[in-house]
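In this document, chain identifiers A, B, C and D correspond to the written order of the chains, with residue numbering beginning at 1 in each.
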Amino acid sequence: MMAAERNPRTRRLRLGMIGGGEGSLIGRGHRYAARLDDSFDLVAGAFSATAARSVASGEALGLPADRVYADWRHMLSQEQALSADERIDAVAIVTPNHVHCEQAIACLEAGFHVICDKPLGVDLAEALRLEAVARESGRVFVLTHNYSGYPLARHAREMISRGDIGTIRIVQVEYVQDWLSKPIEKAGHKQAVWRQDPGKAGPGGALGDIGTHAYQLASFMTGLHADEIFADLSSFVDGRALDDNANVLLRFGSFAKGMLWVSQVAPGNENALRIRIFGSEGSIAWAQEEPNRLSYSRLGEPECIITRASAAVGRDGNYATRVPPGHPEGWIEGFAQIYSDAAEVITAQMEGRAANPGAILLPTVQDGIKGMQFVLASVQSHRSGQWVRTSDIEAGGCVTPQSFDS
Amino acid sequence: MMAAERNPRTRRLRLGMIGGGEGSLIGRGHRYAARLDDSFDLVAGAFSATAARSVASGEALGLPADRVYADWRHMLSQEQALSADERIDAVAIVTPNHVHCEQAIACLEAGFHVICDKPLGVDLAEALRLEAVARESGRVFVLTHNYSGYPLARHAREMISRGDIGTIRIVQVEYVQDWLSKPIEKAGHKQAVWRQDPGKAGPGGALGDIGTHAYQLASFMTGLHADEIFADLSSFVDGRALDDNANVLLRFGSFAKGMLWVSQVAPGNENALRIRIFGSEGSIAWAQEEPNRLSYSRLGEPECIITRASAAVGRDGNYATRVPPGHPEGWIEGFAQIYSDAAEVITAQMEGRAANPGAILLPTVQDGIKGMQFVLASVQSHRSGQWVRTSDIEAGGCVTPQSFDS
Amino acid sequence: MMAAERNPRTRRLRLGMIGGGEGSLIGRGHRYAARLDDSFDLVAGAFSATAARSVASGEALGLPADRVYADWRHMLSQEQALSADERIDAVAIVTPNHVHCEQAIACLEAGFHVICDKPLGVDLAEALRLEAVARESGRVFVLTHNYSGYPLARHAREMISRGDIGTIRIVQVEYVQDWLSKPIEKAGHKQAVWRQDPGKAGPGGALGDIGTHAYQLASFMTGLHADEIFADLSSFVDGRALDDNANVLLRFGSFAKGMLWVSQVAPGNENALRIRIFGSEGSIAWAQEEPNRLSYSRLGEPECIITRASAAVGRDGNYATRVPPGHPEGWIEGFAQIYSDAAEVITAQMEGRAANPGAILLPTVQDGIKGMQFVLASVQSHRSGQWVRTSDIEAGGCVTPQSFDS
Amino acid sequence: MMAAERNPRTRRLRLGMIGGGEGSLIGRGHRYAARLDDSFDLVAGAFSATAARSVASGEALGLPADRVYADWRHMLSQEQALSADERIDAVAIVTPNHVHCEQAIACLEAGFHVICDKPLGVDLAEALRLEAVARESGRVFVLTHNYSGYPLARHAREMISRGDIGTIRIVQVEYVQDWLSKPIEKAGHKQAVWRQDPGKAGPGGALGDIGTHAYQLASFMTGLHADEIFADLSSFVDGRALDDNANVLLRFGSFAKGMLWVSQVAPGNENALRIRIFGSEGSIAWAQEEPNRLSYSRLGEPECIITRASAAVGRDGNYATRVPPGHPEGWIEGFAQIYSDAAEVITAQMEGRAANPGAILLPTVQDGIKGMQFVLASVQSHRSGQWVRTSDIEAGGCVTPQSFDS
């Protein structure tokens, strides 16, 4: 029922990392994820823009000195020069948003597969450029929308796609936190500072930081993308250049509709990504903070609670499962699934075979493009007080990252 | 801590009822509510527009034959003619929406207090006419927005008004059901038929039927009314003249914002009225289906669960409480609270004294006006694709009850 | 699906009450219960052993002065002397435990039906004497084990009896409170004082006060009675004569086994009566504090949540239901169900017809006997450190109410 | 607030494994745990008693052929012969219960640290022998009672030890599953077969398999051990030699009391380890299946929900935390904590320094002895129908592993 201690493979892939040095939370998350399923060995890194910090970080991680680089460009060229059975296979990019695009393109062009933290960049032009390079490079590009790596998120998708809830009518999704309830960026809180800097974060605040995860998860589960968006953005904390709360209405094609709420100023919420999807025959509900339970209601029947790894779970959910029912899996495992999928897809490509069908659910550059459109359409709708069609968001029309008028 | 077996009073008030005959659910609800706190005696009624049904209903309820009327106008005139210690004090109106206004005005003009099911009527003109009569009559007019009668709904209001969550920023409210997921009105389901008939229900479908409760509860708890509304209405079931789902954005004054979702096509939901309110310092969350628990989070502190009748509950919550903590109170008790408040306010008026401060929280004609504006602004926003100011909704400008273009 | 606004009947029954005067919580509970379904009119009472308090209480309740009695014996003789269409039909006994037996016997012998608060008396001899009188009197005797009046408690019983969980193996039941965590009886807390006085409460403290409810509910749902009992009683608060916590093992016949925990010193619990029953094919779980939800698990299938009044609920659960799904019913309604059942059984007897099958689930004197045996066997087991067979508990062998050695 | 990406260390420890070959769930669990925090490298193993399977397993895990052994004794001698900077530091033992003792002793005597799956052996004599060797060897011996590795289990312990709930009165603990509800051992289900074989499992069925975890967790959190035990064991499924359900009463010293329920035949339960602890001033409740939430109630105050990594959590809970609040950690992380603690304790010993105080909470051979006494006292109590003092359980008096009379 469960996946084997991951896919059989001839060897672990060799991973390099850009960013993610000491004190970086997301760097640590990527390393946990890479390590858990034993699919990658971290063998090289340029962990910081500051040479000394990069070296210290690499040492703390137990890397040999000659594989710790002071500069990421240097890493790419040096690794290219190594023999095929020594050099890295893939690069994990865990730097701030505004350098993602440049670094990812360089990695792909140097012949490495890329696992990149979202977003693709700070504007749609960047995102589209990266998409083009990724397509032409023939390399695997993975965007770590990690919430689609949870077993029951995948099972929900499978249920919906096979019609368990009928025709989708309503999507209710929210991603809510409270850590920006006070102006902590003014006190120099590092994570808060760059997230409220349009030059580094892009045009969306909460919208870009966590709203794109919510949007991606909704798309992942339903197979739908929003055609039209109407948004009301707020900066509840004085002096913010970017939104800390967004109330968004969605229209999916001509039929289904949705609401998306994202906030970083909602006291009592830690990392509350929750989704409910309603169709003509039933509904499902899932929450990231209780990821091992999936609520399923058929119209006229009692609500059922489907648990991870239980008999009710199908192929895709089981593929992403490590341990038996009742042994809670969590954020690290969901994140690891993305890495494990990446390893499988990369290995399959190397071996000239088809990847395991469970693995091809991993998020790609397309998710990045759609997420960017979602943010831009929301900002534009807020400014105009009008519904905005996502297909009208184009590279040329993209919003200059600056404060929105709340 | 709890209210006494209600307010001491010299006598029970005598109640007449219009509508609510055999098979009427809401009629039964009003009778449970009137009876529970021993504040009213049902002594007269015109229970149906059909004379025979009115008589049969009155008999089943054990009323003497001479107080069961075939016609509500006849009831009013006959009761007026009885002696002061015999005739009814108040009338409960539990008929379909389109006759509320006419009946309520007649009752008030005949000198009776009125407890009226919502809404005030089918358009704003009716509502305003009724408001004027109510004001001039000197009689008590109560609109049964019963969800504001729950002890913890009242305690939430008290907490918010005394600043426990700081300045209100975000209001998330939803009222969701699933009983209209299929076109049961086509099969003649009585409750469904009139609710999808604009002539009987007014301009709102789910919006008017349950959305007004959600809106009233949000206003009750926060003390805020929406200044601007943006709405996206749907009729997910083919052939419906009125909305069965509404996604609404709210702006309260220049600061707080909200989302309101109302649906009658969301499988897995019975009567899910839920509200979450977030301020600068904390938040509260309450759900009607688990009414004896109130979630309260202070920023940076663990979530606390305040239970009905517990030591944490203040004056207004305790005033509406009947039994000790751990003994769940529910819908009937919340509804009874509105009746009990009505009895106290009416009695206080009769006795020329101030009513108990706990009782003056009962919903009035103003709630009806605000609810009507909410519905009309939502419909108008949906049609125009624009934000609509509720203050622009006027009697003359009211929407003709007809199908909206979804 | 729901019961009509209760059974059709020719008239309300006339009720007298012994005890339950001003300030009595349980007296108030009985009155809410009697009133809700409109089955009884409270027309007479001897509300206190103190004449003046009885009169004041009757007045506050709006009773005519000549039906308010200073002495309960006087009430019985006076009411007997009234005409058949005026005198009370039934008496509600809501006095302290040690007078239940005497009063109930006198009422039955005077020809009145009896609705009596549990227990039957303070020892088994009393209980058996009362049982004999009840049987011979031909009157209806109802013991208010009110928790078996909840719709989903009744539905759980129906599910189990029709085999939905297979052969019963395990019963886990607990009734837990925290209000006696401190020695409030020393400070004169009225409710605490008599409950810790063996002369007034009988041999069980928490065991008798709430343990009997837990035991009755387990028997009600499963149809099983414990044959053998092993108990470990504690008085965690210094100086208590009776138990404030009881850990009890149960053996039902030769097969099923159970654990019963009762405590009044468990901080964080208000009135937490919870039960879980496991069979060879499935299980159910229900908690009084969330009475509108019943968890049901079939082996190998997802847990389902059956809600009150939903399509999944059968005859007995629906019979005890007042309002639609999603409108929470609670303690008052469950209590009212016992009164409503009593009215139906009494009326059916008067009219010489069979009672509605839903109504005959009401608790009787047999529940009282079984509960008494449960308490006595627990106390005896605790003292001897041995398993005790409930069938060995006899009138002659009953435990003198005195302190147990903890 | 969180632990660094684990303790700084000069190098990863080298780990060998006995048992845990292909298809072994617990072997996989140990490997996830060893890998997550990057504290151990798995470099050698004797993965199966069958040589070919050991080799195949080692290959699948990517080990060099010369470090994969056909026989565990061979592994010990060969590794001893390697140089100090090559040979393994520690051995993980993940074989069936009846060989634990022999293997652990051999490992310790060969100079290796040991991380051993529970229990210590199949009887108390084995356990005591192992204890003696462990003590004399000067090596670190860790027993993988992994549930005490969860951050909030550790925080609960810290809260209790600093007096947050006052004097402990009541302990309610249960560990409940449903996978043995049917006689799957008769159909050859591998995991079920040995667990119902007294020769392989020891004297306890569910009691030994999961009851010891429940007991250890209760002891871990409270700091208390049971002095007296009374037990009622059952084999609900026909033909079982060992218990599949155990109802146990506990007495801790002269004051606190408890109930422990363990079952593998309770439909609807996957791996439901739950604990509630009540003191004179408050209570805590925690459940392994929702490990990121800890319920805390102070007497007279609302229940609070303490979440993992939140501001309310203290030193020990934070030490065991990897990622921020709202990012659920689970079973793998809890298990990894035990390995991480082991690495820290072993490294500290190597480096001649004190271990991090957070790490010294790891379970030791003493937990194994106490667990064994718990099982044996339970079996003996069941047979005798008497309370049994755990201190009366001695090596000589230990129960022959055979069927108990249910």
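Keep this in mind: contacts are C-beta pairs under 8 Å (C-beta built on N, C-alpha and C of every residue); 3 or more make two chains touch, one makes a residue touch a chain.
Not measured: the values here are computed from a predicted model.
Taking each chain's centre as the mean of its CA atoms, C is the chain most distant from chain A.
Of the two chain pairs considered here, B-D and A-D, the higher C-beta contact count falls to A-D. With each centre defined as the average position of its C-alpha atoms, the distance from chain A to chain B rounds to 44 Å. In terms of their C-alpha centroids, the spacing between chain A and chain D amounts to 35 Å. For the pair chain B and chain D, the distance between mean C-alpha positions equals 56 Å.
Within chain A, contacts with two or more other chains are made by residues 269, 303, 307, 310.
Within the complex, the chain C residues that touch chain B are 5, 8, 11-12, 25, 28-29, 31-32, 35-36, 38, 60-62, 177, 269-272, 288-292, 307, 310, 322-333. Listed in rising order, the residues of chain A touching chain B in the complex are 165, 169-170, 172, 178, 181-182, 230, 232, 234, 236, 245, 247, 249, 251, 257-259, 261, 263, 265-269, 278-283, 285, 295, 297-299, 303, 385-387. The touching residues of chain C, counted against chain A in their complex, run 296, 300-307, 310-312.
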